[in-house]
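Notes follow the structure.
Chain nomenclature is as follows: A, B, C and D, assigned in order of appearance, with residue numbering initiated at 1 for each chain independently.
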Amino acid sequence: MAEGESTFSKGRVEAFSDGVIAVIITIMVLDLKAPASAEPEALARLWPAFAIYVVSFAFVAIYWINHHALFALAKSVDAGLIWANNLLLMCLSLIPFATAYVAETDLAPFPTAVYGALQFACGASFFLSFEAIARARGAEAGFASIAKGQRRKNVFSLAVYAAATVLALFSPFAAIGLFALIGVIYVVPTLLR
Amino acid sequence: MAEGESTFSKGRVEAFSDGVIAVIITIMVLDLKAPASAEPEALARLWPAFAIYVVSFAFVAIYWINHHALFALAKSVDAGLIWANNLLLMCLSLIPFATAYVAETDLAPFPTAVYGALQFACGASFFLSFEAIARARGAEAGFASIAKGQRRKNVFSLAVYAAATVLALFSPFAAIGLFALIGVIYVVPTLLR
Amino acid sequence: MAEGESTFSKGRVEAFSDGVIAVIITIMVLDLKAPASAEPEALARLWPAFAIYVVSFAFVAIYWINHHALFALAKSVDAGLIWANNLLLMCLSLIPFATAYVAETDLAPFPTAVYGALQFACGASFFLSFEAIARARGAEAGFASIAKGQRRKNVFSLAVYAAATVLALFSPFAAIGLFALIGVIYVVPTLLR
Amino acid sequence: MAEGESTFSKGRVEAFSDGVIAVIITIMVLDLKAPASAEPEALARLWPAFAIYVVSFAFVAIYWINHHALFALAKSVDAGLIWANNLLLMCLSLIPFATAYVAETDLAPFPTAVYGALQFACGASFFLSFEAIARARGAEAGFASIAKGQRRKNVFSLAVYAAATVLALFSPFAAIGLFALIGVIYVVPTLLR
């Protein structure tokens, strides 16, 4: 068989992921309904919906930029990476749901813990994707140090997510602070450094 | 006429397919509405909707990975392939509907048979797409053995889908077992082997 | 200024168009709601919605394949082509609406004429896009004969659409026959021949 | 580290942006519901919804063509540009909401001012994106004159948006005239000249 047939195309996996993430990040706007009243109060009453939208958008955007950085590391794509990536996309697609759940229950403990569990699942499937890439490049000189730094960061964030998920049951606000902390750490992907 | 004008672009067909599949796989999430109550029971009541979402997502993702593998075999794209592919995309776009139909009727016989018929239609249009590619590459040395293996697999899965569609009228659970079996077979595309 | 900055990228215009058409062709499925009853009659009652979906999908798919063929002719992209293309995309995005309008009013005269007018608008903006491409390639040897054939086809279909729009007010069924005729003519794009 | 790992891919940022803008520009059509009556009046009653759709579509299309021109100037992509771009995409995604808000309140002063503020935010994040590109190319001979012209245009339009936002509180129609003026200026991007 020709060599071109023995591998998946990285470009197509990226394009599919971009399409899925573009839909996820955008359809949330359908939940914002323009008020029929010109009173500023009518718009102000929508602020929780706006806050959900902005937080979800930021969260998904942070994952997109890190996904971008992650796939920049991949030299080839195998079925393992595709399925880890599909799992990541499915978890990401639930972010708007989970964000709305937390907001509509006024940051109650259980919904915030559910949010934390979803964050953990997103982080874990990101980690799985990284490991699929690392497996294929493991033998390469120079890759070991990238992998070491990235693994430390991945394990750290998973541990914080797990802790925040439990903490949410007692103090949702403290848990949300931890989620924000991880968000800030990932705003600029370190994979590229 | 210049040669560049005599053929369709494979890249654009892939990009269009990726876009369509990305929308299909993602808009299903619009059916998940966050509960306004923080009680765990309120979330638990959503489990059928979650199950529909996860099953549909997995099904469409399996088709995407196989679509990817299928087009990796194509060296050129003609109108026959484009229309077989459009038919496949239309069938895939009905998967969330059919999955919801089965779930909301509690796996009743008739809806499960409809689901089987749709699976058959997806499989048949995938087969048509493969045959359009095979027609263009038929004369190539080395392609015959790929084609033989793929045809055997395609015929086998169509036969199972047809059997499961009939079986569903008597035993929906047995039929669903057959659908799952085919799903597992396609999780990693053999076209690439 | 570098030459690379003096022109639009054809690839991006195609990618944007593919994205828009992928969303148009897919979101229509949101109008199909799974029945909660397992009775075959409950599914059968949805047939008008299915018919709308299939007709709209086919119509948009025919435009996509012709759009693909059209842009295969373009050697460069200018602002005129981009705006003609944007107009085409906007007209196409209204196809599901117009199809539903015709179906929900049981093929009444006025809605069928509106459908014809939209078809005319789609055809006219396709024509404008072609002319923008032809302007840029006019001087090329060999292009004149392609352009002649395409213009004849475009003018013919616009004339048929105009006639069908008027005819619809008297005999919607005859008008729909004319729409189908043009559809069949465009199933395989002749631009590529 | 290999050089290929030290930078983001411009193509992926463009593809992601195209996907997001394609969804934004298209999902608005979901708000158009086909009337069940064949009376022309039933369709005519939808004209405000159509007007919102056409204006939003045109607005987003103008941004897309300018985004296209903007990224044609970029030689590389850094995290600063990606985040400015994400901000622009988020602002753009709110355009359909803001357009509907203005239309449904019959062009009342406060909603029109909100619309102006959103326009300002879109313009400002476009400006930020330009500056991120200019930073990376600042030292290049020949770029200074492009940058100078573009900056003058960006500052001018931001000033007009700010003025129109305040003016809207007193005369919404005058403000809308100013919005239209800026739209006309950007229909053909000057970045490319």
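Convention: a contact is a pair of C-beta atoms (placed from the backbone, for glycine too) under 8 Å apart; a residue touches a chain by one contact, two chains touch by 3 or more.
Owing to the predicted nature of the structure, the values given are computational and were not obtained by experimental measurement.
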TODO: Please indicate which chain is farthest from subunit A, where distance is taken between mean Cα coordinates of the chains.
DONE: C
Open item on the list: Looking only at residue numbers at the subunit A/subunit B interface, is the share used by both copies over half or under half? Answer same or different.
Closed with: different
TODO: Compute the distance, rounded to whole Å, between the mean C-alpha positions of subunit A and subunit C.
DONE: 37
Task: Rounded Å distance, subunit C centre to subunit D centre (Cα mean) - done: 26
TODO: At least two other chains touched by the same residue of subunit A: list those residues.
DONE: 15, 19, 22-23, 27, 30
Task: Complex contact set, residues of subunit B against subunit A - done: 14-15, 18-19, 21-23, 25-27, 29-30, 32, 34-40, 43, 54, 57, 61, 64-65, 68-69, 72-73, 142, 146, 187-189, 191-192
TODO: Provide the residue numbers of subunit A that touch subunit B in the complex, in ascending order.
DONE: 1-2, 4-9, 12-13, 15-16, 19-20, 22-24, 27, 30, 79, 82-83, 86, 89-90, 93-94, 96-98, 100-101, 104-106, 108-111, 114
